[in-house]
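Same chain, two partners: subunit A is paired with subunit B first, then with subunit C.
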Partner chain A sequence: MQKSDEFLSLSKDSLYALSRERGLSLSAEEMLAIQSYFAEQGRGPSDAELETIAQTWSEHCKHKTFRAAIEHTERDELGLERKRHYKDLLKDTIVKVTQELQKPWCLSVFKDNAGIVSYDNKEALAFKVETHNHPSALEPYGGAGTGLGGVIRDVLGAGLGARPIANTDVFCFGPLDEAGRNKSMGGLSTRRIFHGVVSGVRDYGNRMGIPTVNGAVYFDDDFKDNPLVFCGTLGLMPVHTIEKAVCPGDRIVMTGGRVGRDGIHGATFSSDSLTTGIESSVVQIGNPIVQKKMMDVLLAARDKKLYRGITDCGAGGLSSAVGEMGEKTGADVSLEKVPLKYKGLSPWEIWLSESQERMVLAVPPGNLEELQALFSSEDVDCTDIGIFTDNQRLRVSYDQEVIVDMCMGFLHDGVPKQHLKSFWSCPPEVPFISETQDPRPKTQDRKRKKSRYELERALLGILAQPTVASKEWIIRQYDHEVQGRTVLKPLVGTQSQGPGDAAVLQLHPSSLQGTALACGVNPHFSRWDPYWMAASVLDEAVRNLVAVGARLDRIAVLDNFCGGDPQDPRILGGLVRCAQACYDVASVYGTPFISGKDSLYNQFEWEANGIKEKRSIPTTLLISAVSQVGDVSKVVSMDFKRAGNWIYVLGETRDELGGSRYGIWRNTAGGSVPRLNPQDTWGLYEKLAEAISQGLVSACHDCSEGGLGAALAEMSLAGELGFYLDVRKALLSADLRNEARTDKVLFSESNGRFVVEVSPRAKRGFLSCLKGMPVSCIGQVREGKRLQITGMEGKTYAWSVSEVEKAWRNGIDVRN
Partner chain B sequence: MIYRVFVRHKKGFADHRGAALKNEWKAAGLPAVKHIQTGHAYEVCGDLSEADVRTLSGQLLADPVTQDYFVCEKDQKKSIGNDRDHSLQAQVWLKSGVSDPVADTVRLAAHDLDLPEFDQARSGSFFKFFGAPAPKEVKAFCENYLMNTLIQKLEIVG
Partner chain C sequence: MNNKIANQKSKIKNVSVHPVKALVLRCAGTNCDQETMWALEQAGACAERVHINAFVREEREINDFDLMVVPGGFSFGDDIASGKVLANKLLYKLKGPLEQFVGAGKPVIGICNGFQVLTKCGLLPGVSGWDSSLKATLTDNDSGKFECRWVFLKTGSRRCLFTKGLPDVFPLPVAHAEGKFVPESEKFFKSLEKNGQVAFRYVNAKGRKAGYPWNPNGSFGDVAGICNKAGNVLGLMPHPERYAFTFQHSHWTRVKPLPVNGVGLQIFKNAVRAVEKSKKLEIRN
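For the complex of A and B:
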């Protein structure tokens, strides 16, 4: 073993300098803890030991910020300060609400590679969403592809393995305008990142034969250096395979791809800021065909009960996978047995490599021969690389030379708990601009279009914003039908062009039971208040499920937090508010969190004229939601179905334009961000779900980005039908009604609202079902392709379906 | 022996990527080029004769209906096609150590084609710029639009 006894005599500063120099991403306190442990051992750590600890203790693997004790201070509008102490942010919010809800159908939460919920008596669903932000910023195709590949393996490694049946993808990019052609500070242009990420997800998902059924794409200047790439996978597994075990004496078996230098330091690199001078070795390139072969044979081995423990080889490679599996037992690994892509790798590189498409199994010795024969028959590598022991030590050797020998207890529980301070100050309320104010630069284009009402141009402008506009160019690249389960697809309507709210899958042809997947994301609201951003996206994810007719009593959600440097108290303050909102809303909605992940340090650092600069993303939360559908034949799509049907708006519209798409179009940062009263909205959702289950609703679409105006336009273009409506009939808050501004009514993004189409025959039943709820009939679907709206002041505004569709379809400039 | 194989569209088959790149070149504000030709490039290594490499190219790397190919030894650094056509060829290759699934597949297929002496492969792309552009313009364009310098390297052959 190569020992570095000098390590034991280093000062705190020198230890931290060593951590920076080696790219370990460990703090001075953590280095001191390592020094103290090895002082007790009477020797310094080997390179491999230091690297193993760095991977295991990385933010990526240990979620140190969310596990930290946090002293949180908030200052309200009046300058009054409130303090709150979190012993463990995750346990005090996300995990707490799940524990309090005690849903018996949550079978495995926060302990495995994916959250597992019951589907029926025989089967369960495993769901996981991961981020792959840093790798995608550097090499978009490889980063996004391996992000999806990694989350597929998470589901394969949940319990004894679930069969992946659907993928989801959510991206946040910088703008694709002309500036997007230029290289960002991070290196690649936004367009390169956009095309690469979409291609990477497409090639990995399609080649593995897994449909990509749900997602979202968000464009904002904040993401030009640090794009966000969220990939999710839903898997189906027999209920009896959700438990796994590792017993002393089990063989450690590595399957799938071979090991190269790919992704060395991936976990620690993902736990730090992006900067210039990154090495190519951190980049991973996936091979979906290898993973497809491995998946098929792995599931066959599961059904033959040939192994009893499994995990994926992801961040940290073998060091994390074997370290996690052997946490309670101990493990002894012989690295010389690991199959390599090429010669020349040093032992620590083999141990830490994040080469893709690998899983690690715990195999009872008596099954090893049969397992290897099975894998060999499908031409998939399957190598016995060691044994799980009973001494609670991690021991790794290469040709008899021991390179790691340390206590599992220290490796997993030795990381010092962080004590952090966070701060949040409520920004001053700025009113939304008046109708006549116009901070936008004057352009020829705008002068030319003077003949139209500003409001008519606003709707077209909002529909053309890339975040709202059609994502058909992306969606069509994904196979969303393979496996033949997709009932409600990402694009719906007469020509399959409208944006569906949620995807619905029928898992077995013999049963009408199904499952629905949806998501919510809106980082722009974070600029106002991360609390209301989180409440809004959780509500949006739930709303999307409600809109298609999913069961409200079986909604489970996943959280994916992304943010900048949590050592900055203001950034941490935003994360704390997000987590608190998750607790507050999920408690009322009864939606347990079953899994999650955080990705921090999404900031880019550079040096200009000798001054260090940094730019970080806004605090971002993606909520992914899954639920059951009692009868897939009763699900509802969002496109208008028939002329003569009534149009209802459910929920109250309030003066909430802060962070709205209309605010972006008007180039203003004023207004109040949408808030949420979950007690009120939940009652409405229950009644709407009941109406949908009774077949009383012809179409339903949630109101989110672009508000009522965008929702109505999308329903119209998807159904190729026009409408007439009078916004004065909508249920409005008192201040909004007094102000009587049509633009605010049409484009407010108040939460908890739907646009619903009801046939004249179903009207009575529908109103009876929604009795006592905030429901207003505002108009009617009409033959002909004209959208006509009477405003608050009595003026009539009109658009043709074709011009609305043109704006919406051409919003994303997909040129290379 | 190390050979390089360049695969391109036959005459009469549209090179849409090349056409799109020509627009991109124009949008970048660079002096006009006549056109840009694109194709795939492979580096194959092993105890192989040129005839072996031609077998591999004709049966595996190129579609005989729509594509043709050009084989040369690596050290020759020849440009595909006519040497007097006032063009510059940019070759973009993955850096060593970066995973190359395409090359892995080529290696497996070569063994299936009964070429057991086939050792290694590397995949890449080539872009041929017609109209006598300056090498530094081609280099800048490639680095901005056609490659990721973190994982790929560029060779310009005149």
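For the complex of A and C:
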């Protein structure tokens, strides 16, 4: 074993310098902990040991920030400070709500590769969402593709393995305007990232034969240097396969792809800021067909009970997969047995490579022969690379030469707990812009269009904002029908042109039971307050499920946090507020978190004129939600169905224009961000769910980006039907009613609202179902293809269905 | 609605004494096998998924089956060209048994990637049984990208055993990047039309000829599917197995009354009926 006894005598500063130089992403305190462990052993660490610890302890794998003890300080509008202590941020918020809710249908949460909930008495669903942000910024096609490949393996490695049945994807990019054509500082152009990410996910997902049924795409300046790529997979598994085990004596079997030099240092690089000059060899290279054929035979082996433990080879490669599986037992690996893509890899590279499409199995020795025969019958590599021991040590050798020999306890629990300080101060309230103010630069174009009401142009402008506009160009490149289960598709309406709220899958043709998937994301709200951002996106994800008629008592949610450098107390303060909102809202909604992930250090550092600068993304939370559908024949789509039907608005519209799409259109940062009173909204959701299950609702659409205006326009274009309505009939907060501004009413993004279409025949039943709730009938669906709205001041505004459709469908400029 | 579903369920379980044995051929990258199984079972067949290696290694025999489907997917990653590697496996490893299978008049359906495979191995257009040279191909969509969308099809062939009982115009989804049908020559295409081998064409909702996106890939003559001269081998780009059941339809929430099954099921039913008929003939003889 190579020894660097010099290591033992290094000072704190030189240890940290070593961490930086080697790209270990370990802090000085962590390096000291390693030094003291090896001092006890009486020797210095080998390169492979140091790398193994760095992978295992990386932010990416260990979530050190979310597990840290945090002293949080908040300063309110009056300058009063309040402190709050978190012993472990994750345990005190996200995990706590799940523990308190004690849902018996949460079968496996926060311990496996994916969260597992029960589906019926025979089957369970595994759901996981991952990010692949850093790789996608560097090599968009490969980074995004392997991001999806990785989360699919997470689900394949949940319990004894679930069959992937649906994918979701959410992307945040910089703007695609003219500036998007130019390279960002040292990085790639936004357009190149956009096209690379879209096609990377397409080629991986389609080739795996998994339908992509739900997602969102967000465009904002904030994501120019650090795009976000979230990929999720839902899997279906027999209920008896949710538990896994590893026993001493079990063979360690690696299956699937071979090992090359790709993706070395993936986990550690993802746990640091992006800067110029990073080698793209940190990004893995994907080959979906290798994974597809591995998956086919793996699930057959699962059903034959040939292995009893499984995990995927993700970040950290074999080092983290074997290290994780053998945590309680111990493991002994012979690297010379590992099949390689090409010769010339040094042992530590084999041990740490993140080459894709690999899983590690724990196989009882007696099953090895049958397992290998099964894998070879479908031409899939499957190699015995070692044994799980009972000495709680991780031992790795290459041809007798030992390169790693350390205690599992230190590797997994030796990381020093972080103690961090966070700070949040409430930004001063700026009123939303008046109707006549106009901070936008004047252009010829705007003068010419003076003939039209400003409000009419605003709706078309909002619909054409890439974040709101139709994502059809992307959705159609993703097979959303494969496996034949998608009964409510991402595109709905007469010609599949409208945006569905949530996807619904009928899992087996012999049963009407199904499952629904939705998401919520809106990082722009974070500029106002990450707390209300988090509350809003959790509400949006839940609202989307409510809108299609999913069961409210079976909603499970996943959190994916993305943010900048958590060492900055203000950034950490935002994350803390976000996590606190998750707890506050989810405990009222009764929606347990079943899995989650965080990706920090999403910031870009560069040097300009000798000055170091950095820019980081706003705190972003993606909530993915899954629930059950009792009877798929009763689900509701968002397209207007029939002329003569009544249009209702559910929920109260308030003066909440802060962070709204209309605010962006008017180029203002004023207004209050939408808040949420979860007790009130939940009561409404329960009644609406009841009305939908009784078949009293013809169409239902949630109000989110673009408010009532965008929701109504989308329902109209999807059903190719017009409407007439009067916004004065909508339920408005008192201040909004007094102010009587139509633009605010139409474009406020208050949470907890829906637009609902009800047939004259169902009207009575619907109203009695929603008795006592904030419900108002505002108008009627009309045959003519005209959208007509009477404003607060009595003026009538009008659009044609075709013009709103044109604006909405052509909003994203997809040129290269 | 519940009763109808219950009826369907009982039908799936009700397998007759001499079931029609359907093969769903698998290989690396096959991915529409499960839903194809569901459709075949719903149509009354007893279906089994078998990996091509089992036939190549002579552990199983293709001719033990009565009907075969080459399902959609990305066989062998569509490396070289879509369907090419699997086509070569069929051509160079299984030509004998397959020739016997097709020669016996047993139904063969190639869906999407399966259509690409059957075309690239010479079973389709199948003017002379097994074509010795490539007479037609399926290539990159005119749009230059993978597209998943619903289209309308019009049946045009009396020769083809799979088109019986289908409505004149009906919807099915497509999902492919290489589905543009290109024949060897215009003259050759005329002969296909004359032989009644053009099984399905892309049309608009009214059943008329129309351009993109109704014809989603720019296929010559709006061809969506063709059959061989004998009428027992069908290849089509749209996915009938993705509309074999009621709620798979693109916008069933607007449709009243809802049909009991998806229209795509009829294609599988026709295949199963054809086998049943020939089996009855065998027994009688």
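The rule is short, and it goes like this: the second predicted complex is superposed on the first by the 815 of 816 C-alpha atoms of A that agree within 3 Å, B and C clash if a C-alpha of one lies under 4 Å from a C-alpha of the other, contacts with A are read in each partner's own complex, and residues count from 1 in each chain.
The working rule: a contact is a pair of C-beta atoms (placed from the backbone, for glycine too) under 8 Å apart; a residue touches a chain by one contact, two chains touch by 3 or more.
All figures in this text were calculated on a predicted structure; none of them were measured in a lab.
One more residue to check, A:207. First (subunit B), second (subunit C), both or neither?
A:207 contacts subunit C only, not subunit B.
On the superposed three-chain arrangement, identify whether subunit B or subunit C touches more subunit A residues.
C
Given the touch rule stated above, what does A:308 touch, subunit B (first), subunit C (second), both, or neither?
Neither partner.
For A:482, select first, second, both or neither according to whether it touches subunit B, subunit C, the two together, or no partner.
After superposition on chain A, A:482 lies in contact with subunit C alone.
Applying the touch criterion given at the start, work out whether A:512 contacts subunit B, subunit C, both or neither, answering first, second, both or neither.
So A:512 only meets subunit C here.
Thinking of the overlay built on chain A, is A:635 touched by subunit B (first), by subunit C (second), by both, or by neither?
Only subunit C is touched by A:635; subunit B is not.
Looking at A:806 after the superposition, I want to know if it touches subunit B, subunit C, both of them or none. Which is it: first, second, both, neither?
Neither subunit B nor subunit C is touched by A:806.
Please indicate which partner A:62 is in contact with in the superposed arrangement: first for subunit B, second for subunit C, both, or neither.
Neither: A:62 stays clear of subunit B and subunit C.
If we overlay the two complexes on their shared chain A, which of subunit B and subunit C does A:289 touch? Say first, second, both or neither.
A:289 contacts both subunit B and subunit C.
For A:492, decide between first (touching subunit B), second (touching subunit C), both and neither.
Only subunit C is touched by A:492; subunit B is not.
Kindly list the residues of subunit A that each of subunit B and subunit C touches, one partner per complex.
Residues 287, 289, which sit in both footprints.
Sort out for me which residues of subunit A touch subunit B in the complex.
The touching residues are 138-139, 142, 181, 183, 187-189, 192, 260-262, 278, 280-281, 283-287, 289-290, 341, 355-356, 815-816.
Flag every residue of subunit B that touches subunit A in the complex, lowest number first.
Within the complex, subunit B touches subunit A at residues 20-21, 23-24, 27-28, 95, 97-101, 104-105, 144-145, 148-151.
Can you name the residues of subunit C that touch subunit A in the complex?
That would be residues 1-2, 5, 8-9, 12, 26, 28-32, 34-35, 38-39, 42, 51, 53-54, 72-74, 76-77, 79, 145-150, 173, 175, 239, 241-242, 244-248, 250-254, 258 of subunit C.
Report the residues of subunit A in contact with subunit C in the complex, numbered from low to high.
The contact residues of subunit A facing subunit C are 202, 206-209, 287-289, 292-293, 296, 377-379, 475-489, 492-494, 496, 506, 509-512, 632-633, 635-637, 639, 641, 719.
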